[in-house]
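In the two complexes below, chain A is the common chain; its partner is chain B in one and chain C in the other.
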Partner chain A sequence: MAAAHAAAAAKAGPVAGGDGAGRRAPRGRVAAVLGRHPVGLLLAAPYAVFVAAVFAYPLGFAVWMSFHDYFFAAPGAVVDRPFVGLDNYRAVLTDPQVRQAFGNIGVFLVINVPLTAGLALLLAVALNRVVRARTFLRVAFYVPYVTASVAVVGVWLFLFNSDGLVNRVLGPLAPDPSWLVNEGLAMPVIAVFVAWKQLGFFILLYLAALQNVPKELYESAAVDGASAWARFRSVTVPAVRPATALVVILATITGANLFTEPYLLTGGGGPNGSSASPVLVMYQRGIQQGQPDVAAAIGVLLVIGVLVVSAINRRLLERD
Partner chain B sequence: MPRTPAKPTTGGRLATALRAVALFGGALVFLFPFYYMFVGSLQAEPDTSPAGAFPTSGLTLDNYRDINARVDLLGSLVNSGIFTGGVIACTVVFGILAGYALARLRFRGRGTLFALVLLVQVIPFQLLLIPLYVLIVRGYGLADSYLGMILPFAINTTAVFVFRQFFLQLPDELFAAARVDGAGELRVLWSVALPLVRPALLTVVLLTFIGPWNEFLWPFLVTKQADMQPLAVSLANYISNVAARAANPYGAVLAGACVLAAPAVGLFLAFQKHFVSTDIGSGVKG
Partner chain C sequence: MRRTLPAALLTVALAATAGCGDSGGGDAGKANAARGPITIWLSNNAEEVAWGKAMVQAWNAQHADQTITAQEIPAGTSSEEVIGAAITAGNAPCLIFNTAPAAVPQFQKQGGLVALDSFAGATDYITERTGETAGQYKSPDGKFYQLPWKSNPVMIFYNKKVFAKAGLDPEKPQLATYDQFLAAARKIKSSGAAPAAIYPAPTSEFFQSWFDFYPLFAAETGGKQLLDGGKPQFNSPEGQRVAEFWKTLYAEGLAPREKYNGDSFADGKAAMAIVGPWAISVYRDKVSWGAVPVPTSTGIPADQVRTFSDAKNVAMYSACQNRATAWDVLTFATSKEQDGALLTATGQMPLRADLPAAYPDYFAKNPAYQGFAQQAARTVEVPNVPNSVAIWQAFRDAYTESVIFGKKPVPDALSAAAEKAEQLAAS
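So, the complex of A and B:
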């Protein structure tokens, strides 16, 4: 979840101006090698070490593992881990469960991403114009985002249970088999759940973007007699396009990281694997079945998939 | 050309009404599960009829006693607290140092490090899951330890970014004056920058808190001993083990969910002013 914040902030890029570096004269050779404030190296060192140890090294390790026959060995044991080329990738791509999981995430994204982006934008626009009860509304939409998935999954299980409130209200319209045990509905329910859970964060992103839309655009559109819907389509939507690109990428990453919901909401990706996600299969293969090399290959494929989707999305949404 | 102020037309009023309906209807949809969670945690028998959502009697705390008998609530909360507290402490201390260095000091490698700050934030954690598990659990033997839980989250990169932004926007004169007085860079950080850092600190603590407190997958992989598990993990294990067997586990699950949700929701409600779009959404500007 924090990753979403992170990526949002990441998009900001270097901020112009305000370079606060000191004004003292360079101190000869030390300054030439280490920079004007060598103490900066010391201050930044813990973070640099952290990034190297927790991101850079494991990242390389994951790629390395995916090309080798890697298995868990007793600590300290020296074992041979031969290079196997693309064997792990071949194993992954021919595994019906992995293919099903990637297909499932496709279903998830097709439902979740448009739903998230569309609802978040509409609600942000509405929220932006509202004067009264603004805080209450903002809090209401944001609360699911700050709550643990595990906690809200508990109540969704209760709501969407075959004898739950949702089916009681629907009466004869209730699906059979019920939501979470229905092969066709399990993944869509998860997609809606995640949209509901994350929406508050994306509303916030859109609210920030809306502050930067020049008011004059709306005024001139209003003078031209454009209806509210026309103003929304021809002024708001194009103006927040960079935000939309960000929302789509972040929602895609959230979807690619899906684990807790299929693990708990549908009892481990059920029914019949119809809601299994790639990360869930990664966990099953890598840790439960002791094939970390295959799991690493799934991870690499997943990231390549996310990058491809992001690149396509950038081209579509950021072209002028 | 004099522009006539837009009169509130019927269309305008209709739009306002529609907007209010959509917003409050949406808010209801968003809040109802929380209300239902709380009500369900207080009902002796789950009543899934529509009327059951608005009980008038028979509320009890038995479910809390029940979940506490199966999951050591206090112990799990302490584990969650240590996990979250450790992450916040590391993030604040090292995040301030790194953020300050990135914002106000010139040293070799600063540009590279800042590029890393941006890059790290888009690496999906799940790709790192398997290698981190191999390294931390198998390699360093940190299974069932707080250190093993904390390590991958120790310094929240978003926090480094927030601190950097904060130090960047402090006026240069503040620092120049201290430097003229002959203060060293560490002294400047300690006596000029740190006393001002409070607002950024609150934002960072809030956004760092919800990460580890709500995190499930990593502590789930690292902890197999029940007495080391944070509440999110022990509750999830209860859900996945019991939901299949017990006829009526919901009251207890919902009680546990309330206990897990309460600290994060409470903190957010208390400090929601600091959780504004300008802090978090700074990314979409420009």
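So, the complex of A and C:
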């Protein structure tokens, strides 16, 4: 309604002519450029500057680097950084280690994302019903999330070592080679570790979503004779679908950026590269080996991959 | 579409501006002649910091107008990453007394280092101080971008109590040949004297090969580097013998495939360790130890065995504005007097020709270090070639796959790594 009035006023201005039109026209142009509430731009500016400096500029720079023979140089050093077209992408896509790293992260996501979303929803539903010790349990689930990865990794190293607690409990059933030096088990262990560590955050997201589910829906379902499982499947799951979409997309994004765990838990992506992630390979190439152009190409491919997977997730999870 | 187009335009604009070249620059000739205050970085271990502080105090007392400000290398994943970032940012100090030879090619490519040959008498000073091994530290352009400073020649440490428990001679252990070493390792394991015979880190970091394959390769080849003139040397009968030796240790469970969280030698989990003299002060109160040269297939005499140097050097960085002072400090800090102080404080071997003769009193008082001093004259450095770190990573990946995990035959893995290393060295 207000917009209609504003449009009418803007139309009326030139027709009226005279001084009145002269006073209104500049304001109209300002409004056209800055919007009806210029102060809003001012308030949004700090975040826009932050995004431009911390996200957009580095992303643009990475794209530029990936098409050039680029390396970090001292200020003032005369260096040649020629345009190399798709050479860096060609090098990356034909590198078996990079392909293995992308395959590894695929394995990670296939295990980690459903595990994270499923467990987080189940625990959130359970927590939502708990009356006693609710705060304690919420904090307990959240503690791993806020604890430094380095410290938690240390604990898991002791748990999953050959002579660690897990193998002692399993006895003869313990895998050989042990978890962290087993090519088939290292990445799944990391996927479970990350799911456990981040669970607290995703439980909070689901708890918030569960607050908005009308109790009448559960009552109606109960009156219709629906079992607890049927109520969960037909009421809870559809009602928290937007939260599920968010959880899946966030878990995908954070999972695709996996670094700390293969760096520390499996000693640099071991055994034999089976837990190397694209970001770990980026670190090795870009920082350790002085090939930031190749690392940038890996990064750009990773961004594209995450965008595609996230878009597919969103389409699948948000459709009615 | 309305959101996509501005975003795309913004990305393109940013990409275009990102392509703008670096600005700034300095007058190298002017800086080389300039004198004044300088900053230096030291390694962060307590002994070296103590030596560094004393050295700085001695210099500053005589040079009020050219004082040194010393600090430890800022914390980071590794010193090399911190130094690389400092070069890029233009805030590296004048001198860093912890420059890894493997990182020098990369720092040089970044334009971060000053060729020391640009100072009068520098080449003579370096070669006279270090002797013929100084040649290993020259860059492919024939210049010195690092001053060979100190080494930690790698040897086999063994736990005398564990050896005695396993029925091995703790005073004169037979560890000179691969067969003798393997026999001792099997006895240690079968007797239960220790869970592992030796426990080098089985992880994938590029530098781990300096403490398993490379010392034995240096010994087996009589002093060859990993690459010579850009040509890989490890894909050879000698390299394969070394790799097969380690593969046997892993395959028989004499060396574990899993990373140990701690110091396996100090904790009694391994009967042997492969380390340099820095470890003497660490193990002094924990382990009754002995040290022997690394084994070779034929058991060449101990006084001919070569090994990896594990050296750390001093380099001058191009951000330095008072380079004449920096060069003077460099010669002061590597003088015979300061090298003696470093040896006393840290037990690490200054890269000086005929070290035992230079400090006879010290070695008479500290006989444990004598073997390392003699070994210091027979060290092999990492090759000074482009893409040095990438080459070591390629080698490590092949080694991990074939030697540690036995997933690929050793000759195939070494051959593939050699092909990759040659490409990297040529690029």
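By our rule, the second predicted complex is superposed on the first by the 267 of 320 C-alpha atoms of A that agree within 3 Å, B and C clash if a C-alpha of one lies under 4 Å from a C-alpha of the other, contacts with A are read in each partner's own complex, and residues count from 1 in each chain.
By definition in this document, contacts are C-beta pairs under 8 Å (C-beta built on N, C-alpha and C of every residue); 3 or more make two chains touch, one makes a residue touch a chain.
Here the structure is a predicted model, which is why all the values come from computation and not from measurement.
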{"item": "Broader residue contact with chain A after superposition on the shared chain, chain B or chain C", "value": "B"}
{"item": "Touching partner for A:72 - first (chain B), second (chain C), both, neither", "value": "both"}
{"item": "Partner chain in contact with A:35 - chain B first, chain C second, else both or neither", "value": "first"}
{"item": "Touched partner set for A:43, first chain B, second chain C, both or neither", "value": "first"}
{"item": "Which superposed partner A:104 touches (first chain B, second chain C, both, neither)", "value": "neither"}
{"item": "Touched partner set for A:252, first chain B, second chain C, both or neither", "value": "neither"}
{"item": "First, second, both or neither for A:284, with chain B first and chain C second", "value": "second"}
{"item": "Partner chain(s) touched by A:137 [first = chain B, second = chain C, both, neither]", "value": "first"}
{"item": "Which superposed partner A:157 touches (first chain B, second chain C, both, neither)", "value": "both"}
{"item": "First (chain B), second (chain C), both or neither touched by A:126", "value": "first"}
{"item": "Where chain A meets both chain C and chain B, residue numbers", "value": "57, 59, 61, 65, 72, 75, 154, 157-158, 161, 267-268, 287"}
{"item": "Residues on chain B engaged by chain A in the complex (per definition of touch)", "value": "3, 6, 11, 15, 19-20, 22-24, 26-27, 29-31, 33-34, 36-37, 40, 46, 48-50, 52-53, 94-95, 97-98, 100-110, 113-114, 116-135, 138-139, 141, 151-152, 154-158, 160-162, 165, 167-170, 172, 175-176, 179, 184-186, 189, 207-208, 210-211, 213-217, 221, 232, 235-236, 239-240, 243-244, 250, 253-254, 256-258, 260-261, 264-265, 267-269, 272, 275, 277-278, 280-286"}
{"item": "Residue ranges of chain A touching chain C (in the complex, touch as defined)", "value": "52, 56-57, 59-61, 63-65, 68, 71-79, 97, 154, 157-158, 161-162, 177-178, 180-181, 183, 267-273, 284-285, 287-291"}
{"item": "Touching residues (chain side chain A, partner chain B) in the complex", "value": "1-3, 5-15, 18, 20-24, 33-41, 43-44, 46-48, 50-51, 54-55, 57-59, 61-62, 65, 70, 72, 75, 122-123, 126-127, 129-130, 133, 135-144, 146-159, 161, 163-165, 168-169, 196, 199-201, 204-205, 207-209, 211-212, 222-223, 227-228, 240, 242-243, 246, 253, 256-257, 259-260, 263-264, 267-268, 279, 282-283, 286-287, 292, 295-296, 299-300, 302-303, 306"}
{"item": "Partner chain A, residues of chain C touching it in the complex", "value": "10-19, 22-26, 80-81, 84, 87-90, 92, 106, 109-112, 201-206, 256-259, 261, 318-319, 387, 389-390, 393, 397, 400-401, 404-405, 407"}
